[in-house]
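See below for the structure under consideration.
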């Protein structure tokens, strides 16, 4: 009578154990699931001629879910670096070279999953070092795991400072922290027209955007501007017309938006609907992405956006990319589009690792960590240097503008500008 | 509050109420007649929006012209979904239909994300964003047109429900299924037709929304919840009730959005809970689609 | 001899919208009796029981049980006070066995406060036997046929140790033999000292078991008295069989 | 079950039959084995941090599903907002630890009590609602609470969230949270069993089967429903508190997300609502299914579609869960699968 | 016209009708009487196709209709005025009446029939645009009869028309039914007012706990003192 039942339960038990065993076993090759992407630039013979040495970088990146697009850029950046470095037979460690391997899982834009996967990367896949996911929330969750296992994590896509306020020793961020995002735009606007008086700031209610906005507010007030509007809208808002109306009634000179691509597009669309035309429209994230132009068409003209990095920046480096321009060429050749800054900063995270490994002359996790902490290097992406908390506060933010010719050009800082900052924003009713 | 905010708020609320009414009516007839909460409603709306987007992007078809196309396509889809899936569990307990339609939503959204990617898209005809000013108040043409089209569609539905035999059969089925059977109404077909109508209306609303707002595969969920709130506010089963509910809801949403921008859903939802607590079966009693 | 009044209604009235389902009914139930409540379909019998037992809010009037005004009390308090009822449309707890169904009554009813679930489960065996369902004790309620569901209703109500029991059409849909058995059961329940109000369409049953009959028609009292008197009351027969039938019927009887 | 067994056990409480009808010995034995396996799991050689992490998630889900089962499975109220209690537990614990500087256990208690209190305050009015209205009111409250937590910067930290201290020593945190979750889930099973042996259990099932009859039979239905809701909240609140400390941060968008509600319902439904072990086993089935989809099947980015399809198939063919088949109450056959459709279509 | 042979009907496991045999001839008025719970309405629902029989046959004009969908049966010509009226409460009186003609395509005839039922129930004419839910009990019953007639059935089943209505109203409605009968419609009357039923009917069947226990010409049954017993159970 109970045979079937017995079988069912045994199957359940065995399935659980088998899963555990299969996942935990080192002998079996890593599962070749659809979520997992292994990139190795080497072949079997090459590896066997030398003493087998490889560095495995692991990351959980959003390939599906709400950050799927950004996650794709991150993955591209990681992969481009790995391809290039393996062309040079890998990273020099002491007197030998180690081929680089990448292990990426899809975290579905979900912090729980992200943490779970990083724990898998550490305890099951035994990766050498960790790379960051996309977004502050997921980064927050994964840095804690890295800290628990004392595995360094250099991340490139979590800008919120609260990630780094917890005294972590193993987490580093190559990107400029959130409060710095909008400084460049404010500087540029005042440089163009010192008579600007008022700023309105709209904020997506999220950890990153709130820090961006607070940083911008402090900086604007420091520069003598009056912040006439400062309010947040719900994350994933589908309608911000109330805020636009409220801003419009204040008639600000500058409108700054702290948020992400999606809500930035929404703010622009509804500003047009409601006829909000300040002299400067600037956003933390969005205008520098090709999607922005795709979504808004001509309405994207004049809008400026902060950028961690742009292809036109004038950095020079001895890393494998050398200059932003060279990085752009390689990226374009491989992916067929201008690299968004997420890709560049992701690649920069690996550059930071490379330089730290070279300095440490070892793949030892603690030695590399110490080398990362001491790193001071000028890369194609800009300065890579971390403060005590692990944040890169030394790199300035650039500004890009959507031009009336349909292009996207760096307009700030002045020394890197390819085009003049178009000013003022042309009112909607005059277009 | 400054007067611009106030007057613009009123205009926004009125414009919003039109689209919301269209969303809610489709949801409401499915709930009222089939007695299921169709959690996939928003997903159908999203598909409607994407149909418009693709027709515009690939073939340059004007979004307003794509309205009948997206409605017709989703009408057929809705009919098939009800007839061959939902009908299997139509009389099952609440939890079953709830989870079934929820799963349906998950599948549709995931497929949409898979094929169309998760990023935000916009339908941008040349006239997008154009409008006229009444004093300082802006009235975008597109939203105004969407408002009137919503009203027209709602009116057409009203006429259909009231003056055609089929419409009467649908209403009759919602009121007394056995009596409807005795008059010769074929229930399975009527149910499928009702669901198809609801789906088509959702798609129509999706089309109109896609012209004024950016779209993405997850856009629908918020509209499903709003539709529910509106049905409760306006009472289940009457088109004028849904219209009233939409207006009330639009005003709550717009003005709570002005005062507490990051709390606007919470306020609308708490209003819903309050209404339910005071009147456990919605504000208006049971009326039946006229 | 003045008998003790167990339950009394004063002008009990229930309106649904504008419709009067029960209109100013004054009823007395004496301790220990079996009272029949009859009336044609739609006369308001079930509604009347519903407003006494707290299932429906009363529109106006008063209900007094053992000298306590219980008007407006929630149903569970009335149940605990010692009034139990069966439902015309049976309401078994389908996910439970027969024994558990009945035990719920023993756990929460009149004397439920003092019983643990285990005691209740043991206590109800006697009641299950009393209604003749011992064999079905461990069956789930959803496996029972209608006659047994009717008995289960009875057992559930009995397990509450009520002083007053309302039986709402427990015999409808039963065949003659089953009705005989049910009547016997009602008498036996009464013999346990439980006062009973029987709502029934089956007149044979009413005549067989009740001492007194109360007739409702259109929500109002039509007649009350001894069963034979009431059933031969032309007004009552008219309400059931129609006026013309009564005329003809009595003519026939006189002729005979 | 044979007749002999029947006589041997005259007092059969079918409330426990959900799983073990007639085959208590075998099934209970297997289940005990499984629990022992879980208890020694962290000491097994293949028990990596990843598996500990995964099992912790499963056990927390099981605990929440067991809690949901009180209100949704036994009392029969389709609660779709239980994540609100999870959120209350997480915030209560987080705020107590950071703002009051309490240690974890008292904070956890405060968080769970806050969740319970909230359930009672909300339950009194909304448990009067029925069917769809109750379901959506719970969704609305959960969503609104999440949004409030997300915006009330001065109290909850708003969208920046709360950062909790680490479990010390950090190396053992994996094991600590695993055992906390195991304790909670097993405690939930014991609590279910305990309640079913009490009057409360009978009240719940009576309310589910017929609330009017239950009320008429002397059950204070309001009290029983509110208790079911509150105990449901207790389980979710404790899970939320453990989760918060485990993850070391509390963010409204994480701890109030509607997916958690969905997951607990799915776990309960998959295993079988209104049974003691159903939600526990359902949580394992659900999560192992998901894990398989994510890691071991080449379904790529379509795993949500597969998941949705599975839900649809379960709803259409076995909405009463797998427990009916495991316990042998139903045979797996085409007919038993189609029976549901025959019953519920028009 | 209608021939029922050995019909058994059950709700789940509970059998309600046992081996029912019954015949209705063209242009005949047949009454079906019996106590509450005897299974009268169940029989009508089964004839109309709302319930599926467990076994047995129902033939209508030679066609086997047992188990056919309700709309097919209505198309073949069996209409019903259900017990408890079952009006569409939110629809107007006119819409309710017109729902009766839902399956009919002959617009001209429908118009004529509509005029006929308004003639039959002048009160309906006054209330055409009122929601049916707002009518009084008697008016609702009239509306239900009118709706039933609009299907122009060959056989009309009427269930408990007098239920809960004042005598004067009942008389009013039955006067109308009489007119319909005079037009030659075949009618099966289920009625708790035994005299009313027997007075209208040519023949009658007595149903007791799911079984036919008596049948015969209405006049004979009317004289039969056992009716009172059968009905009241005394």
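Structural remarks
Letters A, B, C, D and E mark the chains in the order given here, with residues in each chain numbered from 1 onward.
To be clear about the criterion, a residue touches a chain if its C-beta (ideal position, glycine included) is under 8 Å from a C-beta of that chain, and two chains touch if they have at least 3 such contacts.
Predicted model only: the values in this text are computed from it and were never measured.
Taken together, chain C and chain E share no touching chain. The chain pair with the larger count of C-beta pairs in contact, out of A-D and A-B, is A-D. In this assembly, C is the chain whose CA centroid lies farthest from the centroid of chain B. Averaged Cα coordinates give chain C a centre that lies 42 Å from the centre of chain D.
Centroids built from CA atoms put chain E at 75 Å from chain A.
With centres set at the average Cα position, the gap from chain B to chain D is 33 Å. Looking at chain D, one finds that residues 147, 150-151, 301, 304 touch two or more other chains.
Shared interface positions of chain C, i.e. residues touching 2 or more other chains, are not present. Within chain B, contacts with two or more other chains are made by residues 113, 262-263, 265. Chains that are in contact with each other form these pairs: A-B, A-D, B-D, B-E, C-D, C-E. Residue ranges of chain E in contact with chain C, taken from their complex: 13-14, 16, 35-37, 160, 162-164, 166-167, 192-196, 198-199, 209, 222-223, 225, 228, 231-234. Looking at the complex, you find that chain A touches chain B at residues 64-66, 68-69, 205, 231-234, 236, 238-243, 245-246, 248-249, 261-262, 265-266, 269, 272-275, 291, 294-297, 299, 428. Those residues of chain A whose C-beta lies close enough to touch chain D in the complex are 1-2, 4-6, 8-10, 12-13, 15-17, 19-21, 23-25, 31-36, 63-64, 106, 108, 111-113, 115-116, 119-120, 122-124, 137, 140-141, 144, 147-149, 160, 162, 165-166, 205-207, 209-211, 232, 234-235.
Of all residues in chain D, those touching chain B in their complex are 72, 78, 80, 125-126, 128-133, 135-137, 139-141, 143-145, 147-148, 150-151, 262, 265-266, 269, 273, 301-302, 304-305, 307-309, 311-312, 315-316, 319, 340-341, 343-346.
Across the complex, chain D is touched by residues 31, 37, 85, 87-96, 98-100, 102-107, 109-111, 113-114, 187-188, 191, 225, 228-229, 232, 260, 262-263, 265-267, 269-270, 272-273, 276-277, 280-282 of chain B.
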